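Listed below are the structures to be examined.
Both of the next two complexes hold chain A, though its partner changes from chain B to chain C.
Our next item is the complex of A and B:
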């Protein structure tokens, strides 16, 4: 491309107003640098780069998404303190998805089209991710999505920093079968796509081992009466309750379980959950969930130097009494992975970054070590923790190697 | 569907499901009583009912914190103090709301619906700003958790029993207040014929305010009771509001007895069906039955017979 022939309107289209301003103030040499690192008109200047944060800070999901916002801001501040990305300080524009899926799509469009952000960190529920997906694909944006989710998706415009379903489920079922001698399972979840898909994967894995599922049941979101299902569990006497109840329902479920005389510390039945992080325990109360096992990839109590530094920094920034759950840590990975990819590509261009994604690694992740797979998910370890009375998990098991992400397991294609 | 179970197991099923149904019934009554008073006696559709409950729940949360830090020795009884404070807090807020907003809208029922809905949004955001977006839970004193084992299958949860007793006490108090006191007579007079009540010297404005405050106060007590079974967040009230309206409308808006009968029907139907079907299907079937009955009897189960 010959720089001399570019006319002013063409420049504007390519660089955006911010770029044009930089050109006007700094003179022509300014373009050449901006041109290499940014050929698609993103909001990148000589010393700043704009990114978007898109979570619900109002509405019913605000409870869950607050931690993610805090983690992303902390990561951005830490990166800036180290000198930013390609010498540019990160400036974030935060938008509120308001727990409403069309709002998420509208705000995503605003961030990509009006603000020209280089990347977006955001979304929490699968519904919000599905709502913004077409927008990211249309405008070729890049979303870093932090939540563990059901899989069955792989977009060129999303990096999934949480576990997909097989990473969360397979290892944990293997573990209860091997270590606890479990033979029968009762699957219980909230009634929407994530628990249903998770239980489908779980059931398949259980039955492949020749073991038995003695019940599978779903309750509407927000349900608070679990007496009937608890009675059923008592009668069918499963070895394991496999729970994927979400949100406020959790509190009702665990309180009623305890009130009905099922003491989880006795492990008869044993309870294995894939939905209760340290965040949820705050609402449930440690004494009500004590003894339950959770399958996640991160627990606040993980004992490694990365995590020690992370927990310390997080508490210094957001307060001493805060807890950090699995998704919060995954959200923290987003900005760091983006930084690593940008620096490897030497450019903010989404297409150039996408090419270098496979193999991007993060040795400083609080969960240990992660690497981006060709399918845009992360290689990471699966871990099992046992809930303690103080609301923390004690890690009782972790896979030896990183687990390969498999968003399209056999039989679901 | 019965073949999988042995005879003693079947007996236990019925005992436990019966109890589950009864505790659901108590919760429904507790939720719906306040709304029925406001809706039935004043004709105001209070969309912010759930938020009044949550105010009671947050009051309980604060009281629990206070007892834990200041007088841990009395923690075993904090719940009763909390319930009383929850009533006061919600009733006071109700009185304020009535004075600021509702009394100007008595002749415009649809506007009260919109106004109280707006109020519910304001309250939700206020809770979020004050208490934070995360859900909070209160820990119960040890004697209130756990269960009484009747046989090795049948276990009666203690907090379920407490909710039942509480419901009984409150229902009795409301009955005495509405049908055995001078004030109750005034309320009923205002409901039946407002101009005539005014003519005989009843201060209808004051009656309205106290009725509204009473309804809200009972919602606050219900909210306090819910901390035993669920968590408290800014939007938790929304979880209960649909069931609450269902119970009140199904029972017949103007009849307190109807509310109780309807709570009983819905709760028993739901808990029985939940046992044999999945949770979501039970809810669907319950709603279908209610819709069907309301099509045949639009006025609800019990309707006040008045000559028009």
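Our next item is the complex of A and C:
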């Protein structure tokens, strides 16, 4: 690990030395213990450990990332209330990525080099993750990344707590084919890497079953005119609209669908989305998206004791009107997985933690049981929910077994 | 400024300011800052290239471009393409279905390196392209606009539209450009690891040196007859035209020069940050760059450098100390600049510090006494 050369010691550093001195005079035997759990100079003392939170809390991504920040803080507070990690209270340093990718890289460097945080929970868009990746690899940090994403990546310095594309897509297409008798599909998405990759995986899977894709289209981020594609959909009458439109475009898309007379509750065509969580429905309006199906691994309405406790705690901490989407739950897993790994490794050292990752499990996850795969993604169940008028999803299907994460599906290697 | 003695004292004074900046960049910062902060300053300085270019074309030439991010981005992309090809050697990308091409092409089922990527295997071509690609685009835009006497607000709007178009183009063609993620994970420059602290320090000095050279070049341009014509054009375009000058050609020239500077800044940015993405090409970064220049003082080359440094340092500082509130602090700073000191830091300096300096130094002679007021008047005239 490279250390920054420090010519003019900062205040924090000096305080650190003063603290160390005071503490050393009080109880020398502690030194060896601290070395055992932290041989790489991370910000770990006898009673505290520093971690980083790195999300956009300003800029266009702030709406999406706020939920993740809240979930991570909640998890950290709960862990602290239970006595912390290896007997140390977690202190977080929060930085703002400001929806700007170089800022993410800059802040990641600051967290790893200046603050020496033990781990970082953060990022949301693929672009921000790609920007910080070289920084985490260079300084051997560890990032817990919460968003469902396109896959095609497997870094030794990232744990992906969301679904990668195949986990979200394969089971849901099997389901519409089996349960709804779907034969034709219309693929529609925002124009960037995640929808494009997802639709490629979807198309492959659909065609392998001998079924047909009758249209595939992309619109720029922020696009608000979907009338022409809606007309095409009416003309070609697909059984399923497979939608991966993201962000603000969703509001226009679902309103225009409804205005064009396509009632999603009639399921002709049926709409299956992989991008609309409870958070997005807040903006779209439950009445506009009612009847649509979503494939995710978590819905706020999941009926299990873990989730009940989680939703209750989340509302107590952040307010009653809050909704919890898929990514928020995945972000909540980060601190808990990290705690489990640290305790199994008996150390905060990133290298030692990496060795124990495969097989780390979480039985208390709101989504149910999850386990870390050798490829740093999570084994988790795929679920399908149907959007209700009140903005929640009703779970209509979940896979029996955990789905294996496969970030490099056939044809992408 | 009519008499030679005052002109020569002006030169020496400007030389002094230049030396102060040089000392600050080459001595003070490297001694006082740790590697991480020094690298940040290096990044800020790459924006200063754009700001210096804006002083030339906006402050002096009166051409407000809201699309300088386009040229910054093109320079940056040229460098990124070279670095990405180096990082995508057949050995390093052996696990792809087509080894030897950048990873994002492989994901997008591109099986062959596109023709416009081919020349970027060569470093010397890349260096030329970093300057020439922005210049050629600026030339085309400039000829198309200025020959038709499109100027002022209309020109600003068109440059902004070009910034939007280029962003959409880059994001849409993700198989060839890396899309919204940009070109990431750049590691080495001709085998030299650009991610190490040593490399970042070297790159900092290269950036500082080039920036100082660019400031000198810009000063030379402004000091020449050409510079006078630019200012004359800004203030009374028709008179210059009626005097027989081909106004459009001068405008095209200064716009191209500003584009070249931006391109160099972009290439250095890519080297220091390690990636390039469409988020530096669009409208928002382009307007930010104008703000750097405005905060520093759009009439002053050195002011622009300080403006870029100050705004970016404030951005980093505020956002570290108040992650939830920092945008308000930035907004307040910009409003303060527009309302209270429209000529930026340079204007403030001329107005308040120079008279103080004058008092303290007292008897430096008449030349020094008359000049600041003249300069202050010059600063306050609005184009």
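Please note the rule applied: the second predicted complex is superposed on the first by the 386 of 413 C-alpha atoms of A that agree within 3 Å, B and C clash if a C-alpha of one lies under 4 Å from a C-alpha of the other, contacts with A are read in each partner's own complex, and residues count from 1 in each chain.
What we mean here is this: a residue touches a chain if its C-beta (ideal position, glycine included) is under 8 Å from a C-beta of that chain, and two chains touch if they have at least 3 such contacts.
As the structure is a prediction and not an experimental result, all values here were calculated from the model.
A.B. asks: For A:349, using the defined touch cut-off, is the partner it touches chain B, chain C, both, or neither? Pick first, second, both or neither.
C.D. replies: The answer is neither, since A:349 touches no partner chain.
A.B. asks: Just to be sure I read the superposition right, which of the two partners does A:130 touch: chain B = first, chain C = second, or both, or neither?
C.D. replies: Touch status of A:130: second partner only.
A.B. asks: Thinking of the overlay built on chain A, is A:58 touched by chain B (first), by chain C (second), by both, or by neither?
C.D. replies: both
A.B. asks: After lining up the shared chain so the two structures overlap, which partner does A:220 touch, if you call chain B first and chain C second: first, second, both or neither?
C.D. replies: Both chain B and chain C are touched by A:220.
A.B. asks: Tell me the contact category for A:164 with respect to chain B and chain C: first, second, both or neither.
C.D. replies: A:164 contacts neither chain B nor chain C.
A.B. asks: Would you sort A:94 into first (chain B), second (chain C), both or neither based on which partner it touches?
C.D. replies: Second partner only, chain C.
A.B. asks: Of the two partner chains, chain B (first) and chain C (second), which one does A:260 touch, if any: first, second, both, or neither?
C.D. replies: It touches chain B, and chain C stays clear.
A.B. asks: In the superposed arrangement, does A:106 touch chain B (first), chain C (second), both or neither?
C.D. replies: Second partner only.
A.B. asks: After the superposition on A, what does A:290 contact: first (chain B), second (chain C), both or neither?
C.D. replies: Touch status of A:290: no partner.
A.B. asks: Kindly list the residues of chain A that each of chain B and chain C touches, one partner per complex.
C.D. replies: Looking at chain A, the two contact sets intersect at 57-58, 191, 220.
A.B. asks: Taking the complex as given, what residues does chain C use to touch chain A?
C.D. replies: 31-36, 39-40, 43, 95-97, 104, 107-109, 168, 171-172, 174, 179-182, 184-187, 195-197, 273-275, 277, 279-280, 316, 319-320, 323-324, 326-327
A.B. asks: What does chain B use to touch chain A in their complex?
C.D. replies: For this pair, the touching residues of chain B are 5, 9, 12-13, 16-17, 19-20, 23-24, 27, 125, 128, 133-139, 145-147, 149, 153, 155, 157-160, 226, 228-231, 233-236, 238-240, 270-271, 274-275, 278-280, 282-283.
A.B. asks: Under the definition above, what is the set of chain A residues touching chain B in their complex?
C.D. replies: On the chain A side, the touching residues are 57-60, 62-63, 66, 191, 217-220, 222-225, 227-229, 231-232, 234-235, 248, 250-252, 255-256, 258-261, 279, 282-285, 287.
A.B. asks: Quick one: in the complex, what on chain A touches chain C?
C.D. replies: Within the complex, chain A touches chain C at residues 2, 4-8, 10, 57-58, 94-96, 98, 100-103, 105-107, 109-110, 113-114, 125-127, 130-131, 133-134, 138, 152, 191-193, 196-197, 200, 220-221, 411-413.
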